[in-house]
Every structure is written in structure tokens, then in C-alpha cells.
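Structures given as C-alpha cells follow.
In the two assemblies presented below, chain A is common to both, partnered first by chain B and then by chain C.
What follows is the complex of A and B.
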């Protein structure tokens, strides 16, 4: 009993997820024809993993619950996932659990070495999840995602090496512990580690692999990859920026502003929904990076933003799940035959992503702008505001067709993932203050 | 003329050069297997630096560099397995492993 009590909360979550993975892999033969039982085992593993985290600090709770939410939506979509080979559903479920494990380790790691291991676990799981989608497009997307993930991982471990030289340990950076002789090596090391984490956030210039993965992967799996990666990356970057504000803050602000501009123009130029969502995620990642460079208030705003953003984007991808891995042009949304539930879910997600009040996306963007205004002043905030306003132009383009679909009577299978993600978005919209208070607590404010 | 003894700086320079060659190869090779080999070169460059740190630097964690090198070798093996699996799947679908032929998503 004492042994169980002495296990740190994140480790307890990881052990339960690994146990669930092993169970699924051991029963692969039996579960390949029983998708409902498979999803049930996966969901129970994820819910079980959330329990130990409740005993941890606020950052652990936010990280684990965010990752578990992403995993739950992905797991609920496993039975209907568009796979190249439908007998691979158990592998997909196991990879979702492994990816969740990696994301939790990355976000809650006690040392940077563990964080690197979590990052790689998440990257490899994500690449294979994308590759298992139906058709050639997911496979090509997976290759590009994998190559860039491997390069960014190599940069991260090179940075870890430099940090070991400068400080003698793999501990998270802290101000004032570096020998002045090694300060420049420490700075380069921290920046390379930040580069490795930033790839998971999909900010400029590390965006081509994630862009393709979000565009071409099976929607449910791509949604999980995006959500789990972003939660873990924001928490990891927040921890890095807290201990190494000097090199990290200006870099984060710079790449944040460039990402907002790049993502906004990219999304405006798209003619199909998924590519537009992929580019818009770069603009949103830019907002998060900008906030991460704005001190403790900004880091709290970034945590608040990522929780809301992740649940909203999960809702959008869950609503599009089951329609294949091909593009969804704006002009063909009405002909997709989405059920009213899915059309309503996608409508709610797009309204929230556009930041229309009183959706939670509005409060998330407001928190970022407030932090940016306080820390950086007029011009950076103006760029963020313009990025936010331009979002209305591209997010709301498919809205008339979606509203028409909500009134149509198209029958479809139940969509538990849409209901779950939709309920989470509505709850956050009703109580944004509570979520923001939790985010502040997580940052220690 | 006596040569200067090999020190940490030499290994740092060697590792950095290898890392840069690997990154150049990963970003410029047209053959997908060549890209994977370049990534391995980047990771092995880190290994060179880590083992050198373990030999030349006095730290409270004496074995950190060597343990880290083994850690990277393990991760690199997993990475190579996944990478080759993806490349083989791409070859089965497209009958080519030239990166330029992987172009369905270019727009």
C-alpha cells in the first residue's frame, strides 16, 4: 500500500496507460472484430489514468486531464476511423494510449531527459497514427511529419547535450545556476530544446509536417495528434520559459508574431475546410507562443487558451470524422450529408475558433490579448487582434452550408465523440472564469 | 612538430560538423532512405558529444553522458524502424522512394 502511495501522480497515470496498451496489444486478435469492446477498454484506461493525476499539483491535473480528453475523443472515434486496413483498430487504440503516455510524460517530466523520451514517444505514435489512415495522402503526410519530428528531436537532444555541459545535469533550466563561462552554450542549448518543443506546437518555421498531418490524416486521429501535441508542447514551453526567460521570451514572441501572420494568410488562401483548419492552427499556435513570452500572466493565458482550443478543435475534427481522409472543399460542405448533430458540432467549433462571444474561444483570445497588451504594448497586440479578426473571415465561410445541414434530416450513427467534445466546449463557455483560475493556479500565479 | 592533445573542443567541433552535415542531408536528400540515414547521423553526432562530455567533464552525474548516449541509440533504433516502415509503405503505394515523388499534398 505504501508503495502505491509513493508513486508520483503523473507516473501513476503513465502506468495505467501502459497497462491498457499492453492489454489491447495482447488481445489484438480478439479485439480486431470487436471495435466497441476495444473502445471501451481504451476509454476505461484513459479514465483510470485521470484518477492518479487528481492527487498532483494544478499543472499536472490540467496537463493530464487535457491529454485524457484528447485521448477520449480519439478513442471514441476508433470504431469509425478511416483506416487503410480495418483490422488495425487495436493498434490504433494502443497508439492513442501510447501517444497520451508520451504527452503526459512530456508535460509533467521531472527532468528534461524524461521530457525528451515523452516527446519521442508522442512523435512516433503520432506519425504511425497518421500513416494508418486510408489512402496515399495520410502516408505521405506521415513521412513528412516523421522526418521533421526526427530533425527537431535531434536538435532537442543536441541542446540537452549543451545543457549538460553548461550545468552538469538534465534538470529544467533555472535562472542563476549557470557558470558565466558556459552562458552562451547554455543559451544555445535552451533554444535548441525550445525548438524541439515548438515543433509539437506547429509554429513557424516548424509547420510543414504538422500541416500535412492535420490535413490528410483520418480526422479523428489527426484531431488527437493535434490536441495531445499542443497541450504537451504548451505546458513544456511554459516550464522552459519560466526558467529561461532571457533567451526564450523574445524568441517566442518573434515566432509567435510571424506564425500569426503566416497562419492567417495561409488560412485565408485555402479553399477546403481541413487545410484551412490546419493553417489556422498555425495562427493559433502563434497566439500561444506570443502569450508564452509574456511572463507569468501570459503563460497562464496560454494554458487557458490551449485547453479551450484543444477541446474546440477536437469537436471540429470529431464532427468531420467518418467522411474519409480526402479534402472537404468549401463549396461541397452541403453535399457531404453531415448529420444535424455533426453539422451543429462543427458550427459551434467554428464559432468558437472564430472567437465569437459568448463561445469559449472569445474568452481564450481575450486572455491572450490582455496578457500581450500588459507585457508588450500596442503593436504586437495589434498583430494578434488583426489575426483574430481575420479568423472570422475564414472560419465562418462554411457556416451558411452548415446551418442548412442542421435543419436537414440526415440520419447517421450516434456520435458520442461529438457529444463529449461539444459538452466540454459548452461547459467551458459557461464557466470560463473557473478555467482561467485553474490555469493561473497551474502556473503558480 | 608536436600535435596538441585531443581535447573536448575537438570533439565538440567534430560533433557539430557531423550534426550540420546530417541536417543538410535530411533537408536536401532526394532519396527517402538517405533522409533517414542523415537523421541517424545527426543523432550519432550527439552521441559523440555526449561520450566526450563523459570523459572530459566532471559532473555530479558521472555517467550521465554515457547513459544518454545509450538512450539516444535506443531511440534512434526505434526511429529507424518506424521511418523505414513508413518508407516501405510509401514505396508499395507509389513505387518510388524519391522525396520529390511524394507530392500529393503539395498545393
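What follows is the complex of A and C.
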């Protein structure tokens, strides 16, 4: 019997990532002085992890490729990451691989117990990755992130227990399998599990930990944490909403609308780029939650949106990496000495986040608005549109300074992560229809 | 309401109070003792729910091994091992608690050992069958989770370690005395690691 052929595709990816982690851990002493070799081992493990997933279904492929892209950008930024103790690069690379493992498990798990373990693996690696940033603020932010993650994980475990009580198994919830006597317990269980997943998406009631983590961590690592969490959370919530639309859909729509309003006002009030991006991520998470509550069309739109959003935000964080963990005030962007490549990358990312037409961000927002219009009608869509339009106001504030920087001649180290993420954003902007078709295939619509 | 309600309520209440005590205790020793009470209460809850094996594991592993390990660590803290003069009230309460424990054990023996249920839901065989049967994938995935926890704990501890080129004194001065005490063993450990991996440089 061929043992290797009987391993399901996501587990093959998990095995390769854990093997890569072990190689890095065994060579920690040697690799701490040779970041290029370290990044090479990490990149090879991530590319290897993408291979077995290609044999899976469309949803597996989309989620593994998304997580691998996030991991690749994070890994390419490891040699220049702003660490408190710069000998810790091997640990950071190992945590990126293990965090990708957790995200892949969360997105592709066959039952909820594995999904919960994947979520906790991702949370724990994310908290440590944030904590290793330079200065005292990352440590505090990571602790806050960790405590809130523990609380939401406790909710998830309670939900798992209630679901086990109602159905007798850890399978993903499906309509019609539960005894009507237990439907009350089943509903509470599903909602608590949804709460646990929603923490990774950073929607309204659970946003303080992620907000601090995205703001205070080293930019490259914060970008990875944000990207991997969002992809895994959206896919997991899409699977939960597909099986349990009755309690999940109205609540997703509700917290989605509140998050859009909250994140938009929060982002408008900010005075610096990183905090603005962190708040705007709440508004974008709200858009995704809104779409997840809008039936199969909406779930496909949410997956399409998250892939584009994640690549764009990775580009933004990659462009800001290497300049320290401190804030980047709007008025001082010009004096930061960003190289032309980085300034151009950040410009492209901000244009796409604002949803200016030729960029992929436009198609992503359009897909969500379309799904919301056909499922919910005028008022919810109006809130989403206003949130999207207000995005132009805050995203484009640093733009004049950035455009001036693209003409300046500041030499800097090569930035492979910026090139990689930038190329991905440009490709998605050229072929949005292909990505949308893949997302619809993944959701089975 | 069946006759398990009172024991469950009692164990839950003590578990909650001791959990709050772990967080609020000002001295590490008190926190560890509260943690011990908490883990024993959780074991009692497992026992009431007829999960004998889990209860036994909770007592052996958490109360027996991990909390004692914590106590050793606390004793190694700068002021952890120093005990002030023991007040009389504490001696009296310790004697009362010990006597109560003995009385409870004697009462338990007098009632007789509980008979094992016919088909225990939480028995060794049932747990083994589910861990290595339907739950094999999540069981193996805990390996990755534990690996993250180990790396995370070591990495956060090593975070404030001085880098090989930097002066230890200047870094320690900027981060306060706590960092300084934590640095001392870290520096030697790191130096040993570097010496072993010497030729790589």
C-alpha cells in the first residue's frame, strides 16, 4: 500500500512545512549569521508545500496558494526584519513556516477539531512574531493580542463542546442533521465557533488585539500575520456559513456593517500610515463579513476579495519594511528616504486599496457590492459604498509625497518581496475575471 | 436536579475563585498554590463526569508535575525562597486542613472503593481508540502547536539577550534591573551555543 498517496493534499503541505521548520531549527546556530540561506530554505519549504495542495479541490488550492504567498513575502522580508535581537532570524523563519501550517490547517481542515488546532497554531505564532519586533511596544501589543486570542479560542472550544453535545461529532455543521430538541445548543455552538474564527478576521467586537499587533510589529512580520489570518479566517467562515446559514448570515451581515462604519471612522481619524492601514483593515474585514452573509455569490465574492486584499496589503507592508517599527506620519513620508521601488509599490498598494479602477481592488469591491445588492438590497449596500468611497479619502493622503519620492534617487537594498507582491497585484489587476472564476469554483457556485 | 449538582457547583466555584487568585496574587508562591487548587478542582470535575482516566492524568501531570515544577522555579527567583516568620494562625489552619483531608480519605475508605463502571466512556481503551482512530489527524497536529509554543517561549526569553557584538551592560541598563538578572544566564547559554557552532562564522 502506498502510504504517501493516501495522505490528503493539505496534510502533505503540512508535513513539508513542518519538515522545513525542523531543518531550520536544527541549523539555528549556523543560520543566524547567514540570512540569505535561511530565507532560501524557507522559500523552498513554502514552494514545496504548495505542490501537494495542487491535487486538492479548488478551495484547497486557493487557500493554500494564498497562505503560501503570504508566507513567501514574510520569508523574503526575514533578512531585513526589524528584530529586537537580530540573532533571532531562524526562529522568525520557523514561526512563519509554522504559522503558515496553522493557516493551511484552519482553511482546509476536514473537521472542526483540526480547524481549532490550526487556529491556535496560527494565533500563537502570530503573537510571538509580533513580540519579536524591535522596541518595547511590540511586546505589549503581542501580549494584548495573545490574551484576546486566548479568550476567543476559549469561546471556540466552548462552541466545539456544545456542537459535540448536539450532533455527537466534530464535523463541519450541516443543515438538517441536528435533532430539533438540540437545535438551541447547536445554534449557540455554531455562533461561538464563528466568534473564534471572526477574531482572526478582526471584525468589530474583537478588533483591539489585531489593531495593536498590525501597528506595532515589524512591518514584514505584521503583514504576514495579517495576510495569513485573513485568508484562513475568510475560508473557515465561508465553510461555516455554508453549513449554518441560519444563525450565521444575519450576524455576519450585522457585524460586517458595524465594522465598516467603525473602521472607516477610525481610519479617517489617523495621522500616520500604519495605524490608518490597521483601522482600514477593520473596514475591509467588515466588507468581507457582509459578503459572507450573502449566500453562495457573496461567499465567492468574499474569497475573491480576500485574495486580492491580502496580496495588496502584503505589498504595502513589504514596501514599508526595513525602516523600523515606528509610526509613519502622513506629513513625514517624504523624509523617510523610501527608495523609488518601495514608493512605487506603496503607491500601487494604496491605489488598489482605495479601489481606483484599473487596479484589482476595484474589481474586488465591485464583486462584494454586486453580491450585497442582489442579496440585501439598497441600505446595506449603501453603507458598504460609503465605506468604500471614504477609503479614497484616507488611503490617498500620503500619495503626493509618495509620487515625489518615486522621482527621487534614493539607492537602497534590493527588495524581492516588493517585486513579488507587486507582480501578483499587477497580474490580478490584468486578469481579475480568472481569479473570480476560481473563487466561484472554490465555493461551488 | 440530580445528586451531582452540589459537587459540580462546589468544584466550579472553587475553580473559579482559585483561577482569579492565580491572576490577582501578588506573590508568585500564592499564585502557584492557587493554581494547584484550580487543577485539583478541574480533576474533581472530570471525576464527577466519570472521566476517571482524565482526572487521574490531571492530578498526576498538572498538580503533580507541572505545579511542582512551578514551585521549584519560584523558589529559584531572587526572593522566592525566603520565608518570613510563620504566624500561628497559619499553623492552625494548616493542621485543620490536613485533618480534614485525612478525615475525607478515611471516610472514603470506610464507604469502600467505587466500583468501576461496566463500559467506561473515559477509559484507557476508549481514549486510545479515538486518539489513534478517528482523531488521529488532530492528535498529530498538536505536535505543530506544541512546537510553536516551545519556539515561542524560548524566542521571547532570548529576545532581551544581548547580541554577540553589543555590550551587555549598556543594554541591561536601558531595560531595567529585571532584564539584567534575566540576562546573566542567557548570555552564558548563548555564548556556549556560539562556541559550539564556531566554525560557521
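Note that in this section the second predicted complex is superposed on the first by the 444 of 445 C-alpha atoms of A that agree within 3 Å, B and C clash if a C-alpha of one lies under 4 Å from a C-alpha of the other, contacts with A are read in each partner's own complex, and residues count from 1 in each chain.
As a working rule, a contact is a pair of C-beta atoms (placed from the backbone, for glycine too) under 8 Å apart; a residue touches a chain by one contact, two chains touch by 3 or more.
Computed from a predicted model, the values in this text were never measured in an experiment.
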* To do: Identify the partner contact of A:158: answer first if only chain B is touched, second if only chain C is, both if each is, neither if none is.
  => first
* Asked: A:95 contacts which: chain B (first), chain C (second), both, neither?
  -> second
* To do: In the overlay, answer first, second, both or neither for which of chain B and chain C A:120 touches.
  => both
* To do: May I ask you to decide whether A:30 touches chain B, chain C, both, or neither, giving the answer as first, second, both or neither?
  => second
* After superposition on the shared chain, which partner residues are touched by A:128: those of chain B (first), chain C (second), both, or neither? -> both
* Asked: Regarding the shared-chain residue A:215, is it in contact with chain B (first), chain C (second), both, or neither?
  -> first
* On chain A, positions contacted by chain B and by chain C -> 113, 117, 120, 124, 127-128, 131, 139
* Touching residues (chain side chain C, partner chain A) in the complex -> 135, 137-138, 141-145, 147-149, 151-152, 154-156, 158-161, 163-164, 190, 193-194, 196-197, 200-201
* Residues of chain A defined as touching chain B within the complex -> 113, 117, 120, 124, 127-128, 131, 136-137, 139-144, 146-147, 150-151, 153-154, 157-158, 160-161, 164-165, 168-170, 212, 215-216, 275
* Asked: Taking the complex as given, what residues does chain B use to touch chain A?
  -> 15, 19, 22-23, 26-27, 32, 35, 39, 42-43, 45-46, 49-50, 53, 57, 59-61, 64-65, 68, 71-72, 75, 78-79, 82-83, 85-87, 89-90, 93-94, 102-105, 107
* Asked: Which bits of chain A are touching chain C when the two form their complex?
  -> 11, 14, 18, 21, 25, 29-30, 33-34, 84-88, 91-92, 94-95, 98-99, 101-102, 105, 110-111, 113-114, 117-118, 120-121, 124-125, 127-128, 131-132, 139
